[in-house]
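Below you'll find the structures, each written out as structure tokens.
Note that subunit A is present in both complexes that follow, paired respectively with subunit B and with subunit C.
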Partner chain A sequence: MPTLESTTSEVLDLAAAHFRVPREQLRPDDDFFKKLGISSLEALDLLTHLEHHFHIELPDYELQGVSDFRTLAERIQSRL
Partner chain B sequence: MKPFHGKTLSWQLRDGVIELLLDRAPCNEIGSDTLGELEQFVMALSAPQTDAQALIISSARPEGFCAGADLRELYRESQRLPANIRTPQLRSFVERTHRVMNFLDAAPLTTIAAVHGVTFGGGFELALTCDLIIADKMARFCFPELRLGLIPGFGGIPRLKRDLGNAIVRDLLLTGRSINTTKAQAIGLVSQIVREGHALHIARLTAAQLNKFDRQTAIAAKKFIKPIPSDELRHEIDVFCELFARPAVEASLRKFVESNDALPYLP
Partner chain C sequence: MLDLRKFNSLGEALRAALDRWPREVCLIEADREREKARLTYREFKEAALPLARALENAGFQSGTRAAIIMTNQSKWLISAYAIFFCGGVLVPLDYKLTPAEQLKLLAHSKAEFLVIEYHLWRVMAQAEEFKTLAAPTVLVTEAPAGADLAGAKRWEEFCSAGEPVFAPRNRTDPACIVYSSGTGGRPKGCVLTHENYLEQCVALTALYPFWPGVRYLSILPTNHAIDFMVGFIGPFTCGAAVVHLRTLRPEYIREAFTRYKITYMTLVPMVLKSLERGLRQRFEALPPGRRKMLNALISVNRALTRKSPKPKISRMLLRQVHEAFGGELRALFVGGAFTEPATLQFFYDLGILVGNGYGSTEAGTVITMNDFKPFRPHTVGKPLPGMQVKIVNADSEGIGEVVAKSKTVMSHYLDDPQMTAETIVDGWLLTGDLGRIGPGGHLQLFGRKKNMIVTEEGKNIYPEDVENAFDGLPVKEYCVFAANYLWPARTMVGEQLVMVIHLEPGQIVSPDLIVNIGERNRRLLNYKRVSGYLVWERDFPLTASLKIKRGELAEEIRGTLGRDRVLPL
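Take a look at the complex of A and B:
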């Protein structure tokens, strides 16, 4: 069972690669909308990548109010 | 069938297959212009000399297949009209859309939706008229209408119920959640998942296979297996128009229209 730290790290790796942001610039508590400069449509794209990567379903309503990587990783962790 | 290039879509006959390409920024929202051109398409498709056996519907927009009804136009029009004719105008628009969707659903061709990205609301309903859905792996499907205080109005509920059953309709409709292609294929909605950017290419290969079969047999098979849920479709129009007349829907639409995000799809 992966730890929250390792899941958070995977989320950061994936976001950095997908949105072409240097990995070292991303921190678990960052607001991903602001840090990645993404719209809600791009957030959906990130959600799809995360679902494929972790082989989970993550209903988008669970992301309501979530904007930092750590909380996003917690939501994923609940479904691993 | 003569090629057509309109404001919101185009079509052409290519290797014996009709290709309908949606192309209206930002994500093929269905408003009066798109509906008018879809009606022209349906008229052209109804011509007896149509010699194609397959139809592919796809999108030229990078954001996705179609984000549904043009809610901004719907809100603007409802504000412009006096209260007593808003609902009749809306009903007319929805009935026209149903005629197009019903024709596509029963068209004497094998129809393929080649989808990618956002396939939401009316866009999902358009895909559901097709016999097969071929999806780019990044496609997402959703009925977000309950977020606005509405139900899908372009025939999506009866068609999804016909194809997959009531439980999946309740899941998608009552939660308003979007699903990815893995889930969509697992429930039987999507027939093939393909690499990003390859949906149209794979749809063309599939259409080439369909073209090998005897046309009359293919039409008979489709008619046998794909009944049009006419009573439920009519009922859906009534429920949609009834819900639309409520002040809460006007407030939801205003909030949507005034959103700063170009594509405010997340709840």
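Take a look at the complex of A and C:
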């Protein structure tokens, strides 16, 4: 079972690769809308990529009210 | 379709529809590739009436207010019908609001019943403001077995045997209270009557008819005035079917078009642009030869459809593009915010009609709609049948405030006669939008007169609602404005919120202050955030009750500082 720390790190790796942002610029507490300059629709796209990577299903509502990588990783962790 | 002029209420019209087309499918609910429900009109009725009976047994009466906070799904519409059947007033709330915002609007609406999805209820029950919830009966859908429901009842078990008694309503009775804003500041609960909805439905279906066999893909939230009308009342009163998709992910939207042979769909500009991007990427990925062929076919289609759409020819010429949309698509509707003409033109050139509309909750949804005679991407079309539109206080170029009058215009703002009187003057709804009526009666929009922004997702954001997040900010005073209100720009794009800060004597904009503002900003939903700030060095003009005179302050700022003085947050 991966730790929350490793899950968060994987989320950051995937977000950096998907939106072509240097990985070192992303921190767990960053607001991903602002940092990646993405809309809510693009955030759903990120959710799809995370689902494929972690082999889980995340309903759209899991993203509701979430805007930082750490909380997103927590939502993923709870389903691993 | 039903002759809606013969009906007095939404409940009465829907009841007639359920009896008229018992074998037609009215509702399909899909979650990704899984179909979760498929109901005929008869099955819909059989699901709703036991709920209506249970509501009656629980003391539900004519005029009782009941709120729904749910994502798009079959239980939303079943609950709404049961509420109308019992003569209730529906309060559809945005499931994307924070629990604190939802609780505030629940309190303002005085809803006595609440229907809510379990995952939303779970979050609401943990909110600090949960103790303010006054609705005595809460029905929770899809709660897992053994879940703590914090005093709520299970929707699935809330049903009673026996025939419920239908509660007739008058046309002028309220049908819904729809909040167009006011989660932070002054709540704007638009009271819409049964007549408002019935008349709107007649007008819209005259332009874009529904019939048994039509499939409407519903992805906008049903609490949104547009989806409530074209994703529920419109199709149901015509024997058509609604397809609910419980995800907004582009790949599943694309799949739904082909799987369900969709006829119509409404979307906001942001989703339309996402579809455009997806198509452009696919076109670019084609081998050079096929790309060249595609471009040639698009040019031919453009030439042939210059004066009016020719759907059959377009489908033949650009067969693969149309097949990607299921092959049965008649039109997409876009509204809720400004759509760039280039995006509309892109789809029109492919032979995919995008009905660009303009309206507001206060107007009873749609005011104007494109009619494609011919296609005019720079306008939002002509007034709907029965809708009068004019421009008041026009300048030398004919641009002024758009005002509208119709049987669809809301009755009033709930418990706010002052705001109602400021918004509806001599029967005319003052929209606060700036426009000009061009040749042929087509309306063109140029910006806003009011202090607000509309996001690409169709969300109306009022600065007063956002300011609460900054309560206690360590500065002398602050105020949030729409940038285009401070510096009027004849555009509907690039709208953003700006915070005007007046510092204490000797205070500077320290890194701590910026961090403080940033932290508070992040607590707001992402589309409500302030984009920049401006330092103002004079005291804000105040009323006798110490409220900021926003108009006066805006005028002072406009006369002194330019938009280039805004610093990003």
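Note that in this section the second predicted complex is superposed on the first by the 80 of 80 C-alpha atoms of A that agree within 3 Å, B and C clash if a C-alpha of one lies under 4 Å from a C-alpha of the other, contacts with A are read in each partner's own complex, and residues count from 1 in each chain.
Everything that follows uses one rule, which is that contacts are C-beta pairs under 8 Å (C-beta built on N, C-alpha and C of every residue); 3 or more make two chains touch, one makes a residue touch a chain.
In this text the structure is predicted, and so the values were computed from the model without any measurement.
S.K.: Examine A:67 and indicate which partner it touches, taking first as subunit B and second as subunit C; both and neither are also allowed.
M.R.: Second partner only.
S.K.: Per the contact definition in the header, classify A:52: touching subunit B only (first), subunit C only (second), both, or neither.
M.R.: first
S.K.: Looking at A:19 after the superposition, I want to know if it touches subunit B, subunit C, both of them or none. Which is it: first, second, both, neither?
M.R.: Once the two structures are laid over each other on A, A:19 reaches no partner at all.
S.K.: State whether A:33 touches subunit B only (first), subunit C only (second), both chains, or neither.
M.R.: Second partner only.
S.K.: On the A-aligned overlay, A:41 touches which partner chain: subunit B = first, subunit C = second, or both, or neither?
M.R.: both
S.K.: Is there a shared patch on subunit A that both subunit B and subunit C touch, and which residues make it up?
M.R.: 39-41, 44-45, 48, 59-61, 64
S.K.: Would you tell me which residues of subunit A are touching subunit B in their complex?
M.R.: 39-41, 43-45, 48-49, 51-52, 57, 59-61, 63-64
S.K.: Would you tell me which residues of subunit C are touching subunit A in their complex?
M.R.: 71, 95-96, 98, 119-120, 123, 246-251, 270-271, 274, 456-457, 522, 525-527, 529
S.K.: Once bound in the complex, which stretches of subunit B touch subunit A?
M.R.: Its residues touching subunit A are 63, 117-118, 137-138, 140, 142, 175-180, 182-183, 261-267.
S.K.: Flag every residue of subunit A that touches subunit C in the complex, lowest number first.
M.R.: 31, 33-34, 39-41, 44-45, 47-48, 59-61, 64-65, 67-68
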